[in-house]
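You will see chain A twice below: alongside chain B first, and alongside chain C after that.
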Partner chain A sequence: MSLLSIENLKTHYYTDSGVVKALGGVDLILEKGESVGIAGESGCGKSTLALSLIRLIKNGEIIHGKIRLEGQSLLELPEKEFNRIRWNRISMISQAAMGGLNPVFTIGTQIVEGILQHRKMKKRAAMALARELLRKVEIDPDMVKNYPHQLSGGMKQRAMIAMALALEPDVVIADEPTTALDVVIQAQIIKMLRKLQKEMNLSVLFISHDLSILAQACDRIMIMYGGKCMESGDTATLFKNPQHPYTRALINAFPDLKSRRDKLTGLPGNTPDMTNPPTGCCFHPRCALVKDRCISEQPVRQEINGDHVVYCHFAKPLSEEN
Partner chain B sequence: MDAIYRITDLTKSYPLPGGGLLKKNRKVFRAVDKVSLEINSGDTFGIVGESGSGKTTLARLLLRLIEPTDGNVYYKGRDVFRLNRSELKKTRKEIQMIFQDPYSSLDPRKSIFNIIAEPLKVHKTGSLSDIHTRIVETLELVDLPTSDDFLSKTPGEISGGQRQRIGIARALVLKPEFVVADEPVSMLDASIKAGIIELMTQLKKKINLTYVFITHELALAYHFCNRIAVMYLGEVVETGNIDDVIQSPAHPYTRLLLDSIPPTEPDPDWLDKRFGKSDFSRNAEGCKFFVRCPNPKDSCLHFRPSLSEIKRGHMVACQLG
Partner chain C sequence: MRSELRKIDRFWRVYKKRKSAVAGLIILTVLVTIIVFAPVFSPYDPDAKDAIPFTPPGSEHLLGTNDIGVDILSEMIYAGRVSLIVGITAAGIVVFIGSLIGLFAGFLGGWVDEILMRITDIVIILPRFPLMIVMAAYLGPGVWTIIFAYSIVGWPSLTRQIRSQILSVKEASFIEASRATGAGNIRIMFTHVLPNIQGIIIANGVMEIMFAILTEAGLSFLGLGDPTQKSWGVMLYFAQIQGAFLRGAWWWIFPPGICIALISCSFNYIGTALNDLFGLKLGK
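So, the complex of A and B:
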């Protein structure tokens, strides 16, 4: 049995301009001790997926699908029972820069509060645990006495990570944990997260728009576009043998340092309007290889090899061409 | 090649809080600290550094959006800070800026037409029909629609990538020679980002622009720029041709930046690298990078290195380099 399984998850938001079909049927499996990356650009549904997992969708709802944690179905649970799962068994590292920390409480108070919500222990013991956690994320344990504004961006993000790990959750969702940090700090945080993940045998869902970060931090990657999975597979295979035109485009859009390219290849067009998603394959309006079939017919799941899966009508013929 | 911009010992400091009633002993924070650079006509000159390195302050000084504490900036041989109002206004037609955030740098209540027309109106460049023709030409240049319907839209009705193209159109409508682009793509998605960089590359060829490109993404600068300056805490620590700096970095800070960039494909060795200490305290007397340097010498504590040439055009401010 997988630790976490998501089946055909659909989440919609209700806005003034219509129903935003943010997730259009996503499947995902996360095993114990595994780090899975969710890659995609803004509006692809990656954050909606994260929020659906902890049932914190605002102005919308999960309209279809199943989420199971060790076989237990989570979507049917009454809110009161789900409260015992959220943060305790599924926690989330959000962007510290985006107000993940409360400015009027010390770091220590905020970590302790989280612990005491779910564990019966003395406040002093919880504070000792908080200090231990800060040591784990490689910041000075005395920082428990500090307020968020006294910490640098990188330290705030480390404190957020400490909070998310406090209850030794089964699943940690890291939603863009290094966005808005400088590149050196970003590298330190990715390195630390990966180390903790291995040491504590954590299962991590790592959400990022930056494919190169996921390439280093994850065992497997799922590429999302328009609320759907385009391609998923183990990290090495996905980079060596990308099958979906969107995956290739995304890989080509990232500048690297190996050799100087004459030009970076962008993708024409814009990310789709999810109140009115494109018919057929949702990538077809921007796809260079589009055929009639792509406009009318939604591609189905195709297994390339083992868990390398792609949703494209022409995935196989393309690979033969190469 | 002739220098379009020559910058000598440029310094901008801001007072820090404290220092007593008469502010005599007030400490200052040097956002830009004795920077000297030359930017040649036709360059795409990258200025790279982390947040707080002074790259945006430097850009604002180039356009005289702020006044310096010390030093000079010569644009085509003339001291930018000695220009009088009318001379400055004339010069500003030639030097333009593209801003970072395509969401907040465009007035949400104005139409696309009025946003791009504003610089033309400020510089009184002709009748309304002249303005219209000029706007249509500029929109074609940046690959945007030119229909009246599009011109009457507001920034809220178009996508982020289109908005940044409007930002570029607004900078180009006066046909400048020199454009400062301050992190023009940092808020954009990868697929859109590459398209904007491609557009800026084409524009440079079409209309002979000189760019200053400010970015925190060294890899992006590598593909877009021909020369580069790496800044650390207000100082230029390394500068030279892009290939020299990226392929044979001489300053430990440049090497740290390069090592910190995640490779674009899985690389198991990358996570084993050391990514330096994240200590931003300053060494008041000696090398500013001393506290983060992987192998500093004792003398670095007291001696502040200045830029010296290690190869033609490749300068580094490090005793160890």
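So, the complex of A and C:
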């Protein structure tokens, strides 16, 4: 039994301009100790997936699907019981740079407050745990006494990570944890996260628009577009042998230091309007290889090899060509 | 503890740059010290009626005496206690009601917000002073009547301010983050949202004290105060009905009036400064 399994998850938002079908049936499996990356452009449903997992969808709801944590179905749980799952078993690293820390409390107070919500322990012990956590994320334990504004962006992000790891959760969702940090700090944090993940045998769901970060941080990657999975597979395979035209477009949109590819190709167009998603394969309006079939027929799951999965009508023929 | 001290020190450094705020603090400190240590500062017993009525200010009675031979200075110092206590109590109640309603309306939104804000609208359009007079007249004169009347009509403007602040605080991502830690609404409201607006609450609380003292003075002057618990307003009421104006006993009229003005000014200056300072902090 896998640790976390998501089956055919559909989440809709209700807005003034109509129903936004943000997730249109996503499947995902996360094993113990595994790190899975979710990649895609803005508006492809990555964050909706994360928020659906901890049931914090605002102005919308999960209308279909199953989420199981070690076999226990999470979507049917009453709110009160689910609150015990939040942070305790599924925690989330939010974007510290965007105000994820409460400005009026010290770092220590915030971590302690969260711990005491879920664990019965002395305040002293919780504070000691908070210090230990800060040591783990490689910042000075004395920072427990500091307020968020006294910390640098990188330190704040580390503190957020410390908070998310406080109760040794089964699943950690990292939603763009390095956004708004400079590349050097970004690399340090990714490295540290990777190290902690190995040490603590964590399962991490890593959400980012930056494929190069996911390449460093994840064992497997799922590429999302228009609220659906386009392709997923282990990181090396996906980069070496991308099957979906969208995956290729994403990879080509990033500079590569090692190979001599001197032209970056952008992908024209925008992410689709999810109040009215395209018919057939939702990527067809922007796909360079679009055929009639793509417009009329939704592609089905195709296994290329093991857990390398693609949703494209032409995946196999193209791979044979290569 | 040390970080608290450092916070106060940082705050003081910005605060002391405002001359009016410092002046307000000095005036308030002096007045409050005199009022609190009334037995030390008042030369006579405020209830002793043994001096010659309507004595003008002189060496024996610094501010003269009133119609029944009570030393005005002593009476005034003790009256300050009533004014201050009524002001602080009424303001406290108003801040409590106002913040709570604002917090629930702003944070919970939806129909809770709708109902609470419509009630607020109704209370805000009521003519405050006439209503308080009617209430005070109906309930009978007294200190608690004034506090009650003020509490009933005083909270809406504060509620609106608090609510609008809550609306912006609740969108902050640390609120979502604390939801992700499994915190419920009540917990988030009181441990995360409220501390973020404590500055505004404190600043408004100080201003409320001023309004409450002025209102108390006004209602008491109209005879709705408690004649056995003299406040500055009650003193003015007696001055009025006992003919201080006709006899030209200015020493009976000016001192309580000036006291009301001074204490209101000082609360106003302090409140304005606090509002600015906490406002700055929010913007940072």
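Just so we're on the same page, the second predicted complex is superposed on the first by the 317 of 322 C-alpha atoms of A that agree within 3 Å, B and C clash if a C-alpha of one lies under 4 Å from a C-alpha of the other, contacts with A are read in each partner's own complex, and residues count from 1 in each chain.
Here is the rule we use: contacts are C-beta pairs under 8 Å (C-beta built on N, C-alpha and C of every residue); 3 or more make two chains touch, one makes a residue touch a chain.
Quick caveat: nothing in here was measured; it's all calculated off a predicted structure.
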| item | value |
| --- | --- |
| Three-chain arrangement built on chain A, chain B and chain C clash or fit | fit |
| A:91 touches, of chain B and chain C: first, second, both or neither? | second |
| First, second, both or neither for A:35, with chain B first and chain C second | neither |
| Partner chain(s) touched by A:190 [first = chain B, second = chain C, both, neither] | first |
| Which of chain B and chain C A:11 touches, first, second, both or neither | neither |
| Which superposed partner A:203 touches (first chain B, second chain C, both, neither) | neither |
| Superposition-derived angle with apex at the Cα centre of chain A and sides reaching chain B and chain C, degrees in steps of 10 | 80 |
| First, second, both or neither for A:232, with chain B first and chain C second | neither |
| Per-residue contact with chain A, leading partner among chain C and chain B | B |
| Which superposed partner A:99 touches (first chain B, second chain C, both, neither) | second |
| Touching partner for A:54 - first (chain B), second (chain C), both, neither | second |
| After fitting on chain A: smallest Cα gap, chain B-chain C, Å | 12 |
| Chain C-contacting residues of chain A that also contact chain B | none |
| Parts of chain A lying in touch with chain B, wherever the complex brings them together | 41-42, 152, 154, 182-188, 190-191, 194-195, 209-213, 215-216, 235-236, 239-240, 249-258, 260-261, 263-268, 270-271, 286 |
| Complex interface listing, chain A residues touching chain C | 54, 56, 83-88, 91-92, 94-95, 98-106, 113-114, 117-118, 145, 149, 160, 163 |
| Chain B residues within the chain A interface of the complex | 50-51, 159-162, 189-198, 201, 216-220, 222-223, 242-243, 246, 256-267, 270-271, 273, 275-276, 278, 280 |
| List of chain C residues in touch with chain A within their complex | 3, 172-174, 176-184, 187, 191-192, 195-196, 198, 284 |
